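Quick heads-up: structures coming right below.
Same chain, two partners: subunit A is paired with subunit B first, then with subunit C.
And now, the complex of A and B:
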């Protein structure tokens, strides 16, 4: 038997979503203009998008680019961030570089990248890669820097070499922080994915959205926003579930639910 | 490099009577200068020389900032001295190694490993088979009084329990020397007393060489064969006091023993003198 309070806290995210849709519905009814369909109209347009083979191929192409961009970024950024966190020389070399690139909106680089690499997959994956890298590098760096010196000494006394200490002590000790960076990176991957498709229209979820906007099919526009939003929530929830399992050892016993996981 | 006449381990094993006479650790005119942000460099240790016999329990006692922990880090090989040399069994110490096992005030456990995982870490690193390492580790965990907590994570343990795990983890890879850096400094008085008793019981069983850093006079006298009293700024050895109290030691008996009390009072006076020195220009 689940208590009322537990039931409430478990269904809270769902209630919040329903509330938001309710406000949307009411607002759209009051404003009553073509370019702002009601929530129900938008939701009604979802099945026709998801039922269409071409749309599905587009969305899957987006997800594939996102997965590759995200995956490569994580694989490159974690070792780099960890090395920056443990070596002053590496940090002072890369830090200025990152500080310069951090505030640049990655989508703003899209036109330049398109000039070099064309409008295909590579250019978009590169933008996603850039968007994801920075938070992952930054959090890996912070995580590695915070590793207790005495923990590394304990490992050294057991006979772990410098490389082993990096992989077997710094990496697991920094993992909670690294995964926080990856979570931010995942959301940024979704955002850069859509914006890259907005600029280089060829295929993808963003392409469907902006083509519909051009043609004034507002219910499709809003339906796509819901779909992209749902993808974000789903990815985040899935990631949180994995993260929770990996860093069970570091989590406080009571936690405010921040996701649907 | 000067090669010292080697003292083979075999000789030590076949001559148990001479065990006390063999130097396990030699600290030879060790100095440590720290570069500070200010103009003046800070001389933390000045020409410290100390010999620790095999199987001896030696405490280094002094006010905070006297460099006693630095001395332990140098023996551990975690810090290189700016002058002089520290040797282990006649060989210059150039880095950390499993022959010297540290136990830190901060515990420094691996938080992503369970109690068992922490204790097994050293033996596994040394190439001990998993099943064997686990059996040994379980026995050690029981010895430090944590049977039943094998699968707990460090965050689920109290400070005293964490330090018991840290001790078991270090004992697990059989270091010849235990380096204890204010190990009970972060614990409350009651826990501290219990851990002192348990440490003494464990130590009296296998008589490992111990270098123990503390700022508690009672703790140093209670545990040690020898107490090294240090002065501050620069860290120098003021006096080495042999603690001639019978073993096995029992806390309740010792506290009533006038010899014990005299050691404590004498050493406290030494430290007070040290502080007076500092007040002089």
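And now, the complex of A and C:
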């Protein structure tokens, strides 16, 4: 009984995927226009995209840019966020700057950055970097701020230097929060990647998508949407698994629905 | 004493922004970058003020704001309702949770071409994209807020004779308000960003369109103006929401 239920809860996202595809299929059959192919037609177009060498190279290039932008952003943002969390001066130095830049759409900087750096990889990676760093900084900041003073005092009493306390106490204590930020950042990296390619229209997954739209190859458009969507869901699920390994000790407590009915 | 500490903090916070503007001015005025690539800040801000008083630019702002508010309001209504019901009914929860888990990490911009095909190039496709992006943070924070409501509060309300249907709106909703407002804040910023991006990708009006038009003709000054405008809009709306929050949450402990 329990294992059956566990199996059900594990396969629930898969069932949800199938359900959504089913709704799509039915809706497409009802609407029945050229610009809205059925789910099956779209799925059938996927192998021809992934089989085509050029578009595969394009998609992999997109992923590489995303990985570099995301990696650099994480490496820079976590130490900055942790320092902001532990030092009032650092926090009040950077906070207003972050607040002002927060509502700026990062992918919208693309045209300006392209003007300076050209349409190449660097411009796109810079935009992804900017998009990812804010949530990671913010969550690291919150996580470091919430570390219990007593643990730091004990560390200091045992003779840890400030840098050691940062690495051995603050970092692990803030890790769950940091990873939440990284998860948001990962989704944002994918979004920024696609958007920047839609705007720069030179190479990459976003470009394939819009070229297909311009040429009226509707099944390719929808197949590309499925591919990008699957990337998002896959990356998120993979990251969730890593997070589960790293911070097993801090399960989020809000996984049970409240019931009074 | 406390007031002085706050003033020092504010001063400290202005430093990096001032440094950035100074650096910008220095790069522009010492000729490291030609004005066609990086116009000096003075030029950009004069242009901004000048534009803010022209009718056409105001119309672009109005178009953007309309899409932003329409999308954001729909997202708030849907998110709060679905979140509340998912938190309080196990049956709805069982359906909603896996769907949300699949849809939340999906990059919604990728859906934009499909929305264009289905809904056309007008307001509808952009508003739908805003809804799709702003919905999930609001829904999730409503859900978490509503699931964290203390069971004792619900029991007391039931003991006091509150009908079950009303418990949702009289106990759970008010108790979840802080969390809902946090979600709304994230959703609002996302709405600002998404509406701008959608207008950049395909549009005939709105701030994003202004930026793209300027970029096509390499008018660097006009590229900065809509960007600064959308950030200002974001900050102003954020401030308004903050005001609403402190009004609604008077008496709640500050988080």
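We adopt the following convention: the second predicted complex is superposed on the first by the 248 of 261 C-alpha atoms of A that agree within 3 Å, B and C clash if a C-alpha of one lies under 4 Å from a C-alpha of the other, contacts with A are read in each partner's own complex, and residues count from 1 in each chain.
Note that contacts are C-beta pairs under 8 Å (C-beta built on N, C-alpha and C of every residue); 3 or more make two chains touch, one makes a residue touch a chain.
These figures come from a predicted structure and were not determined experimentally.
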{"item": "Touching partner for A:159 - first (subunit B), second (subunit C), both, neither", "value": "first"}
{"item": "Touched partner set for A:29, first subunit B, second subunit C, both or neither", "value": "neither"}
{"item": "Partner chain in contact with A:18 - subunit B first, subunit C second, else both or neither", "value": "neither"}
{"item": "Which superposed partner A:228 touches (first subunit B, second subunit C, both, neither)", "value": "second"}
{"item": "Touching partner for A:57 - first (subunit B), second (subunit C), both, neither", "value": "neither"}
{"item": "Which of subunit B and subunit C A:105 touches, first, second, both or neither", "value": "second"}
{"item": "Partner chain(s) touched by A:97 [first = subunit B, second = subunit C, both, neither]", "value": "second"}
{"item": "Subunit B versus subunit C as contact partner of A:187, first or second or both or neither", "value": "second"}
{"item": "Of subunit C and subunit B, partner touching more subunit A residues", "value": "C"}
{"item": "Doubly contacted subunit A residues - partners subunit C and subunit B", "value": "none"}
{"item": "Interface residues, subunit C side, partner subunit A - complex", "value": "8-10, 12-17, 20, 33, 37-38, 86-90, 93-94, 97-99, 101-114, 116-118, 144, 146-149, 151, 154, 158, 164, 167, 172, 189, 192-194, 196-197, 200-201, 208, 211-212, 214-215, 218, 220, 223-224, 227, 230-231, 233-235, 238"}
{"item": "Partner subunit A, residues of subunit B touching it in the complex", "value": "76-78, 95-98, 100-102, 104, 106, 108-113, 121-122, 125-126, 153-155, 169-170, 173, 175"}
{"item": "List of subunit A residues in touch with subunit C within their complex", "value": "12-13, 15-17, 19-20, 35-36, 88-89, 92-97, 99-109, 111-112, 114-116, 187, 190-191, 194-195, 198-199, 206, 209-210, 212-213, 218, 221-222, 224-225, 228-229, 231-233, 235-237, 254, 256-261"}
{"item": "In the complex with subunit B, residue positions of subunit A that touch it", "value": "148, 150-151, 153-154, 156-160, 169, 172-173, 175, 247-250"}
